[in-house]
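Chain IDs A, B, C, D, E and F follow the sequence of writing; residue 1 opens each chain.
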Amino acid sequence: MRLLLANPNTSQNVTDLIASVAMQYASPGTQIIAVTAKSGVPYIATRADAAVGCLSTLELMAEHATGCDVAVVAAFGDPGLGGARELLSIPVIGLAEAAMLTACMLGRNFSVVTFSAALVPWYRECVEYNGLASRFSGIHHVEGGFADISTVRHEKQELLVQLCDRAVREDGADVIILGGAPLAGLATEIGGKVSVPLVDGVGAAVRQAETLFALHPVKARAGSYKQPDAKQITGASAALASLFTDRT
Amino acid sequence: MRLLLANPNTSQNVTDLIASVAMQYASPGTQIIAVTAKSGVPYIATRADAAVGCLSTLELMAEHATGCDVAVVAAFGDPGLGGARELLSIPVIGLAEAAMLTACMLGRNFSVVTFSAALVPWYRECVEYNGLASRFSGIHHVEGGFADISTVRHEKQELLVQLCDRAVREDGADVIILGGAPLAGLATEIGGKVSVPLVDGVGAAVRQAETLFALHPVKARAGSYKQPDAKQITGASAALASLFTDRT
Amino acid sequence: MRLLLANPNTSQNVTDLIASVAMQYASPGTQIIAVTAKSGVPYIATRADAAVGCLSTLELMAEHATGCDVAVVAAFGDPGLGGARELLSIPVIGLAEAAMLTACMLGRNFSVVTFSAALVPWYRECVEYNGLASRFSGIHHVEGGFADISTVRHEKQELLVQLCDRAVREDGADVIILGGAPLAGLATEIGGKVSVPLVDGVGAAVRQAETLFALHPVKARAGSYKQPDAKQITGASAALASLFTDRT
Amino acid sequence: MRLLLANPNTSQNVTDLIASVAMQYASPGTQIIAVTAKSGVPYIATRADAAVGCLSTLELMAEHATGCDVAVVAAFGDPGLGGARELLSIPVIGLAEAAMLTACMLGRNFSVVTFSAALVPWYRECVEYNGLASRFSGIHHVEGGFADISTVRHEKQELLVQLCDRAVREDGADVIILGGAPLAGLATEIGGKVSVPLVDGVGAAVRQAETLFALHPVKARAGSYKQPDAKQITGASAALASLFTDRT
Amino acid sequence: MRLLLANPNTSQNVTDLIASVAMQYASPGTQIIAVTAKSGVPYIATRADAAVGCLSTLELMAEHATGCDVAVVAAFGDPGLGGARELLSIPVIGLAEAAMLTACMLGRNFSVVTFSAALVPWYRECVEYNGLASRFSGIHHVEGGFADISTVRHEKQELLVQLCDRAVREDGADVIILGGAPLAGLATEIGGKVSVPLVDGVGAAVRQAETLFALHPVKARAGSYKQPDAKQITGASAALASLFTDRT
Amino acid sequence: MRLLLANPNTSQNVTDLIASVAMQYASPGTQIIAVTAKSGVPYIATRADAAVGCLSTLELMAEHATGCDVAVVAAFGDPGLGGARELLSIPVIGLAEAAMLTACMLGRNFSVVTFSAALVPWYRECVEYNGLASRFSGIHHVEGGFADISTVRHEKQELLVQLCDRAVREDGADVIILGGAPLAGLATEIGGKVSVPLVDGVGAAVRQAETLFALHPVKARAGSYKQPDAKQITGASAALASLFTDRT
């Protein structure tokens, strides 16, 4: 199975991290193809960043999905997920979506712990968009800035553990999602220090992608995710234009 | 007051229509600056189209908002609205948002009537995103295609009136929103034929923009719409890059 | 445009305040007709007060709406709004409704700050009645009594600013509504001291009334706000009896 | 136990009906005091009617509650209930509230069957106000007018049975509430013809009033139903003025 | 009227307590038949306990309901209620259900106070199952263990009163439910010490059972609570097997 | 990885079917241990059946979970899931839960198609219990009875395909869940005939079980799924008693 990990951020070192963690969680036989946005922001945090990231997701999917069996929007918050799910004929899932739905199988309520205040409003909207507000118990973030996005999980590790403890104590969380692609791999490192299950977004997404593949779902020919009619698009890459325009 | 109407679609003739209807609804003293996306699709209908349109909205806002007092995302569904509201220091509203909130002052439930099946899933998500599902009574669309987006409101006028009647009869709608920028101006033309109030999205947006301006709101320095911290962005226009990067 | 401001409270000095603030927010060409309830309580705060105020609203509308283009229930909480909207052939809106829907265009969540604990339960019910609980982040009130309802906004100004700060800090509010007709005009005075946009209920209502007028909505002949069938009523003023009984 | 049945409608013959049915459902030892509004409309059906009825409820309660142990707002829709619950020191419940909460113990979903289209919007709002939308499966009404409010339950009996069957078939209703005080007593008459349990609003209210009395609840000294502070009121009956003003 | 109180716990002394309190609240003419589970746990607190208790409820109902007019699942949380309501031809209600719906007639929001942390998750699910989350303001529990389930209401009385005060102060509760069958009778003892009404679950259930009986509801022959088709069951008591299998 | 499939029904041939389908969906290296309830009903359909099945689930888990890595409640509707998740130290998931959460990654709305009317109420409650009502678009069932539970998927195949079409056409479903363990394997057989993706409950559960195992979640030591304190239980198997009582 070939799994496309499309990182709509421009940080190659975050893509490297995601790919590495993805391989740890993947089943034997799953091949990871990890790609990075050519334009946009180093790390998508706000609604504005996400608006830019949407297009990057589509561009990456258009360029790299051919030959893949399933695709993952490899940024927590899932920018461009709905559009990609419409356009592609293979299943597409998002990091946040996968993490949240997986968390629902480990407990009644999940909280999110993340590394920057800037992410909070967008993550909240993501919970609501998924219709999971009744399963959501809160979100906690590290205060202040950080030195390097690709190592923030180590730099702030102690604070992140403390925030997990706080989510358990204050929110009564049954499960905690470590939110944000740069926290990939952290669940394994701190799992023993937290008293409830942790969900790694990348781990969840890889496994859920395998799940969808195993179900061999048809591409919808009806409903809200059928492939849209052909439409002209200007200013897009040739690959993306082809996704919008070519129908066979 | 200078009001920026940013059409994230590439159809200049739809922009012309919007601008013309906007002037009919605007107060004396309101100046309309209507601009059209340079890239993207002729008419945003699906989640995929909206993902592309998000960036167009930001690009247009970045290039044209200087000197304006308020800005409108001139596409029903409001692609890029949240990001624009974060980045700009002036109030920004969306066509769908303005139409729905205005409708809530004319009745308990509103239905939406629109001209293409392709728009329905995205409009539904827009209702939910705005937290207005409990005020929403249904959506009805013209079946089949149309000849010209800029005159679809005339081509399908009879069918649109019939759909309004159906919304009244089947949904028990108190108010009907004519959904989609290409239906701008239609409310005036068919108002006498429908038994409940109609809301014109462009009319509502122009007047709501004036309302926000009249309240002279400060730019948020806290909460989820404060201006994000400066961030590098690649592959964007100079104007948009400046919006992301420059902070004074 | 003639705009009827019907204050269902008996405080003439609050009506004077509302009228004065309304004129500051109104467009040129909007004429304000402000009237005061002849019976009832000086200031509607509780459900019991509102039950009395409902009838005052209808009586005022019945007596003064003729010749007006749009009407406003000029008490936060909107007592009698639904009934007036049914009976009158012109659009009718409420102060709270207008403030809340306007706030939704300035942010994701709004909080309410008000001047008395007695108002809180009724205001909460008003939020729920409007189906906006998912957009509501909290309500804060000044503790203790006050000297004069018509100047409470100055007497308690410092405390009200502190409560706004608290709403930002504790609720994460994007916008704050200054709740209650006696706080009319306060937004202008303290806007510079609060870090998120403020909504003045009277200002919002006046502008929304103008918006509805600009849309020239038909009087509903179907749905839940069509004019009720003629019905006898006893013990009401001649004007209100006529509204219930006369149909042409 | 003395139970006050306050009918905020002016129809004495409906009060007589309610009183008669109340006595059939009451426990031995329960004394029914049934009173009729002196002003207002013969039958409250719309939001406008309810706005008038609110005050009638308070006037009736003020005049007659002394010496009673519990009070019932004897009109489906419960106009003035919240205000009465604040002001009085005895428990107060409403016909609709009692019927809906009782229905929840007989099934998962309840539908409402009533005798006039005019009642539907107000009843729907009543369901929502009580937070029971998730338990509500629909509302059905007899089309057209009727000859006499006090005998409409016999005049339309066949149609009402058909509507009950329709609620079972189309809504999947587990229970049906016969909505509206004029349908008092009908449940007993048609119970054998309908395949799910029926709830008589008057019967439910009388029994729930007895239940509250049996619990001997204290009058709230905190929360949203504590007695409001003394307040001057003009234009009200001496009894109601005393309820607003006198505190010991 | 014969009222079956089926305690799915194995604690005979709790059954004795429930029966005693039930008789205090019951109307003259109501005969209480209180029975205790032969197997299971002494006190149902968790989801696991409830899973065991479900069957005990059905077994008790099967064995003892013949000749009774109405039945009560006499454990807060109502294990097995839905199944019993399907199988039996008499009305069946639960302690928690009765307490919550009764509380809704005494105020806008209710909180729950209980004696053990272990009960909290299951009680929260019970609130949600009943669709009453919008009426629920919180739950508070005594920390730590207790000496004897049948006297925990006295052992922890002071703490329970403090938790009631906290519910009023922190939750803004209008009403408080004393949650758990072992707190039966406590409302009478501490009612004078708490500033809002208290609801005794056993008292509420007994009275609601009488209410349902008074309405003489038919056994549903449609909807989700009609009697299931006959089905073979193995490993059950003869009485329960008969309930599943015998249809006349 | 050893995966326990606990079928709380007594039908060995359904267990055989489930086990066979599970092996088709399982990854290499996953070993399936499928066990059948010794007591209860042949097929759990109603709330009453589920109340019996809860205990069977716990008994099976208690007896067979030792040495397994993850467990599945192999009946759609998930009887006893919460209790098993509390008691066991390995992850436990349910068929319905797994199917619904998986469906959420394939579309916005899912409908359920099942083979018997008796299952509908319980399945609806299961959707609500999981907090997924906003993602649920409807449920459709084959009318009438069937010959053999273990082959009903073939006997009714044509009707089931027609119901899938109806869910697409009437509900606008993006995804369809084939509900009920006896429909295991059907998705593969009819996938080509339906225009939207199908979810096989057994396939989803097996893959989700593997996902949870891959995340290596700790057993909760806090939150609502931590292991309950030791408690005596009577009338249970030695294995289940040990689960309740023994703590190390």
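Observations on the structure shown:
What we mean here is this: contacts are C-beta pairs under 8 Å (C-beta built on N, C-alpha and C of every residue); 3 or more make two chains touch, one makes a residue touch a chain.
These figures come from a predicted structure and were not determined experimentally.
For the pair subunit C and subunit E, the CA-based superposition corresponds to a rotation of 120 degrees in steps of 5.
In summary, the interface at E-F recurs among the listed pairs B-C, C-D or D-E; the equivalent pair, sharing over half of its contacts by residue number, is C-D. Centre-to-centre separation between subunit A and subunit C, using Cα means, comes to 44 Å. Computed centre separation for the pair subunit B/subunit E is 52 angstrom, with centres defined by C-alpha atoms. The multi-chain contact residues of subunit C, meaning those touching 2 or more other chains, are 108, 121, 125, 128, 134, 224. Across the complex, subunit B meets subunit A through its residues 10, 38-42, 45-52, 54-55, 57-58, 79-80, 82-87, 118, 120-121, 124-125, 128-129, 224, 228-229, 231-236, 244.
Within the complex formed with subunit C, the subunit B residues making contact are 25, 27-28, 91, 93, 97-98, 101-102, 104-109, 130-132, 134-135, 168-169, 172-175, 187-188, 191-192, 194-200, 203-204, 207-208, 210-212, 214-218, 220-226.
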